[in-house]
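Next come two complexes built around subunit A: one with subunit B, the other with subunit C.
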Partner chain A sequence: MRPENYEAQRQPPSNEYELNFGPNHPGIEGNYALKVKLHGDIVLEAKADGGYLHRGFEKLMEQRLWIQNIALVPRICVPDPSPMELCYSMAVEELCGLKVPQRAQWLRVMQLELSRIAAHLFTFGGHAATTGMYSTMYWGVADRDLLLDLFEEFTGGRVYSIYNIPGGVRRELPEGFLQRLTETLDYIESRLPDYDNLFFKNQVFVKRAKGTGVMSREQALEWGVTGPNLRATGLAFDVRRDDPYLVYDQLAFDIPVEESGDAWARTLVRRQELMESIRILRQVVEILPDIHGPIRAPIPNPLAWNVPAGETYTRVESSKGELCYYVVSNGGPKPYRVHVRGPSSMHAVQVLEKMSVGSRIEDIAQTMFSLDACPPEVDR
Partner chain B sequence: MSRLQKIPVVEEKKGNPLARVFDDLVRFCRSRSLFILHYCTGCGAIELPPAMTSRFDMERLGIQPMVSPRQADILLITGYVSIKTLKRVILTYEQMGSPKYVVGICSCTVNGGMYWQSYATAKKLDEYMPVDLYIAGCMPRPEAVISGLQKLMDRINSGEADSWQDYYRNYDYYLGNQQKLFGEDWQTPTDIITEAKHYELMGEGTLGQHTRLLEQHQKPLEALEMRLGHNIKEPVE
Partner chain C sequence: MSQQVAHWLDNLLKEIEGIEVRRKSSRRVRVDVPADALPALLELLQGRAGYIHLSAISCVDWIDDDEFELVYHVWSYESHSLVSAHIRIAREPGVYLSVYDLYQPAAFFERDIHEMYGIHFEGSPNMEKFILTEWDGPPPMRKEFDSEAYINEHLSWQEYNPEWLQELVAEGGGVIIPPEEQRFSQKKK
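Then we have the complex of A and B:
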């Protein structure tokens, strides 16, 4: 399926063959492709072929106002959009020296953790589908929808919430929302034993995932791996704990760690993170009614807003890993330069290329899903 | 759609009445078992798993995802198409067997949407292939997707959804737009003109200045030599 060179090329005779894995392939996540060289079904060489989702975000953001970019940034990572808008807002706040009110910070934590649960449920579904267990996918997507309903209620959008703006959040919680949030959390927690029996303890999954896509801690650090993938190699690093932003330093939560660094360990780390996110959300539900005050710091007229000149680098922990924004302002109404350091561009390109070598072709999809790579964020 | 050639309407009463009943039956059956080729071209793909799985359940309408283009009926373009993707989308569309239907989901397929000033995306999908139905929104909810597909079912049932014929009748127009984007020597492995002759769908717009370029830049395909023998080396470990 490569239009540029679909005509036959003469090659010296050999037992190796090349295969285009994707972009229109049931096993691949999103619109992404790999060129793999195979002997039988063993991968000898893999080369990532991205760019199918390139939209030129970093250039587009230079052509729009500071406030317009809020609508643009969540589109970078589709399954987990909330950290994107938050990280950008934090960068603009740092440039302007805006102080975010306490209540807005708690609301932001709530949004982030809800988004993390939704993203993890979606990943479990996709990962299970690559090992042939479609029931988990049906369950995961259906349970994620309950969280999307909550998103719709308090932000107005199902997938792209666009809830944060520089200085705070857009709107106050609807009445009785925390009650409904607790009910949904109870329901999801009650479902987790079922997920364990269906997927996490299932021998089909365990036998296929153990020993697939192994990386050591040294390799992970060398390749720039972050997030749950790094924690699956035994290193407990989490931006929420080690470089706290918002009010994460006032919350109690653990950093789940696994040692073996394979697909199985990565999935188990996410499974435990789900519990930790529920724990954080329960603390938020307890504390949030006692915190009063405004939800937004006053900002100048957003249509004629000249952000003071300077540069900044902010980072948050998204469900995929460490997400960073480098923003430069020259004092004008539009950003001078925005660079997004997404976690997936490392995971889906250099890590996946190296991990696929030596594995079987049917395990490529599983490796990609266990890395939780997000193709729109790779290409931007 | 004014540039499209007016397709002459066949008189209803003519022909064998039994054949008419048979045609109606075929259309009815066709509209009740649709396989969609789910090519995730953009962000709209994220709303399709909810639409397909337990909560909204598209399968109750007889709509199912299908993995290969040869067996699919609907090409679902979910969101913006970058130029690199558009090549694959066109190849996929030409590989699908007729009758085939194209549904453009999200605002980006209508007019570029959020990315109207982006250098990397194709703005209007219907310049490159005929589109049966647009579902606007950024992104459309699963209910909107399902209601859009229901509308497509109705149109297939009544015989209005025949955009695939338009691709054969106005191939020159679509090819011209594709050449504008990909260069003069743009070729696809599918021979649309022969297919148009086969379906008896040669229109005034099938051949033109752009299809002449197609012949000019065509490279002859060489037959592949397949040899199995002792001189094949084992891979080095």
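Then we have the complex of A and C:
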């Protein structure tokens, strides 16, 4: 879609016209484009156009040492990077037969849930902005910043924390961290009624989101939809519960579902998930002080590390849905192949294309943000 | 996955000839099939065992064997297990059948593999470029494509050594933030 490659074409007289929605558009998450064909303001056809954020991660990872890739993977998904590190680390651990110490597993859960809250707050902000409510965006980003402060404190990095390494985590918690975590959680929880009044119960949003971007459960299953988008159609499926990893089977949490499958339902599911994540984190705060021991398993010299030959497919539940890594080793110092399956590779492409058809042009942004589609995951 | 379901699945898979089943863990099954039996296997898994979710299709380039490996990961929401079906196809001409009629998500993965590895999937709804729209070189994920060599051949390196950087390096380099100025320590309740 570069201007020099674009040639205007004269078409026969018609009421239909084509529009490039993106790649720089406030209604698009990240850099991504939809080529839409319109009749008036009704979308007749939508074609996704990706690649603006392609950085060739899968190829790069084949050229880096196993340990170097840890710095690479979080960059695949900007708003929710932690599950990326974890999924890759889990794959390497499985190939090496490494057993992760208990304490590290609990610390990983803490990191993941914090990341989930941060990602959801970010999405609410973006989603509210598509209905013209910018205050929610400022609030969401400001509150997310408090979580980033926590990330900075216990991992050293605000956005890309690079906290996991194969075998465990990099650092022990700083003194008094759990206390500060509790305070932040209390604060976020105390803010939720404000968010409800400002956004979730706001008629501007409710009237706009209800009935927008509807999919039935059958459609969702057919299109490969996962995560909160699938739960918004009434199917209570969560990788954390149904294909458990880490210590999620020892934690008590509910899986929020909604039935209507529209933009409103998807947002409500995320709103309730925020509360569940806070609930999980409180359990972590309670249990973590009683779990002692090392935070990582001994690993060989990381600069001369030949991971045994094999292949594995690891899955985690990211804030956007099912995130999977297919990792193949041929026994060498670098991965032979890493395939990243981001949940948005479904949501941002086929699902968005199908759901846009028949809707109005202003609903595209609403649909995309309610799907929480993340283009960097698609382009990799 | 309960014992009963596992047993039932094993029996079901025996209906395919030349199949090799390996149970990796309670929720992961690896299946190796001849390439021409894969559509039948997926049909069985989807139609009779509830594996309705195609999680991904992965491609691995085994250049030394002159083969591509395609891996179809399917998940069952009922038995909570994942079957990975592995097939191998010849690198040349690199053509295989689409499974779009069984699993709609296949369209994206097949298009992606076509773009990155050059495998053509017959019957796939869209084989147009998606990510590498303006790329006319060889499929970049193939093992014979050396990205570093490509860069050295087609692009030139730039020298970047401004004065401020030289000064910084002369002073020992790096930026030091004292602890009291670090962001998290500023936040006092």
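Basically, the second predicted complex is superposed on the first by the 374 of 380 C-alpha atoms of A that agree within 3 Å, B and C clash if a C-alpha of one lies under 4 Å from a C-alpha of the other, contacts with A are read in each partner's own complex, and residues count from 1 in each chain.
Convention: a contact is a pair of C-beta atoms (placed from the backbone, for glycine too) under 8 Å apart; a residue touches a chain by one contact, two chains touch by 3 or more.
Quick caveat: nothing in here was measured; it's all calculated off a predicted structure.
J.: Mind checking the superposed model to see whether subunit B and subunit C fit together on subunit A or clash?
T.: After superposition on subunit A, subunit B vs subunit C: fit, no clash.
J.: What is the value, to the nearest 10 degrees, of the angle subtended at the Cα centroid of subunit A by the Cα centroids of subunit B and subunit C?
T.: 90
J.: Would you check which partner chain A:Ala142 touches, where first means subunit B only, second means subunit C only, and both and neither mean what they say?
T.: A:Ala142: touches subunit B, not subunit C.
J.: Considering only the touch criterion stated at the top, classify A:Gln63 as touching first (subunit B), second (subunit C), both, or neither.
T.: both
J.: First (subunit B), second (subunit C), both or neither: which does A:Glu16 touch?
T.: First partner only.
J.: Once chain A of both complexes is superposed, is A:Met110 in touch with subunit B (first), subunit C (second), both, or neither?
T.: After superposition on chain A, A:Met110 lies in contact with neither partner.
J.: I'd like to know which partner A:Arg55 touches here: subunit B for first, subunit C for second, both or neither.
T.: After superposing on A, A:Arg55 lies in contact with subunit B but is clear of subunit C.
J.: Scan A:Ser345 for contacts with subunit B and subunit C and give back first, second, both or neither.
T.: In the superposition, A:Ser345 touches subunit C alone.
J.: Under the stated touch criterion, which partner chain does A:Pro79 make contact with: subunit B (first), subunit C (second), both, or neither?
T.: first
J.: Rounded to the nearest angstrom, what is the minimum C-alpha distance from subunit B to subunit C in the superposition?
T.: Minimum C-alpha separation, subunit B to subunit C: 5 Å.
J.: Which residues form the common part of the subunit A surface touched by subunit B and by subunit C?
T.: The overlap between the subunit B and subunit C interfaces on subunit A comprises residues 1, 51, 54, 56, 59, 63, 379.
J.: Using the touch definition up top, name the residues of subunit B that touch subunit A in the complex.
T.: Touch residues, subunit B against subunit A: 37, 39-43, 45-47, 49-50, 53-55, 67, 69, 80, 82, 84-85, 87-88, 91-92, 114-115, 117-121, 138-139, 141, 182, 186-189, 219, 221-222, 224-225, 227, 229, 231-235.
J.: Within their complex, state which residues of subunit A touch subunit B.
T.: Residues 1, 3, 6-8, 10, 13-16, 23-26, 30-31, 39, 44, 51-56, 59-60, 63, 71-72, 75, 78-79, 122, 125, 137-139, 141-142, 144-145, 148, 158-160, 376, 379 of subunit A touch subunit B in their complex.
J.: Considering the complex alone, what residue numbers of subunit A touch subunit C?
T.: Residues of subunit A touching subunit C: 1-2, 5, 48-51, 54, 56, 58-59, 63, 149-150, 152-153, 183, 221-224, 226, 235, 237, 242-243, 311, 313, 315, 322, 324, 326, 328, 336-337, 339, 341, 345-346, 349-350, 378-379.
J.: Touching subunit A in the complex: which residues of subunit C?
T.: Residues in contact with subunit A: 27-28, 52-56, 58-61, 71, 73, 77, 80, 82, 84, 103-105, 107-109, 112, 116, 130-134, 140-141, 147-148, 182-184, 187, 189.
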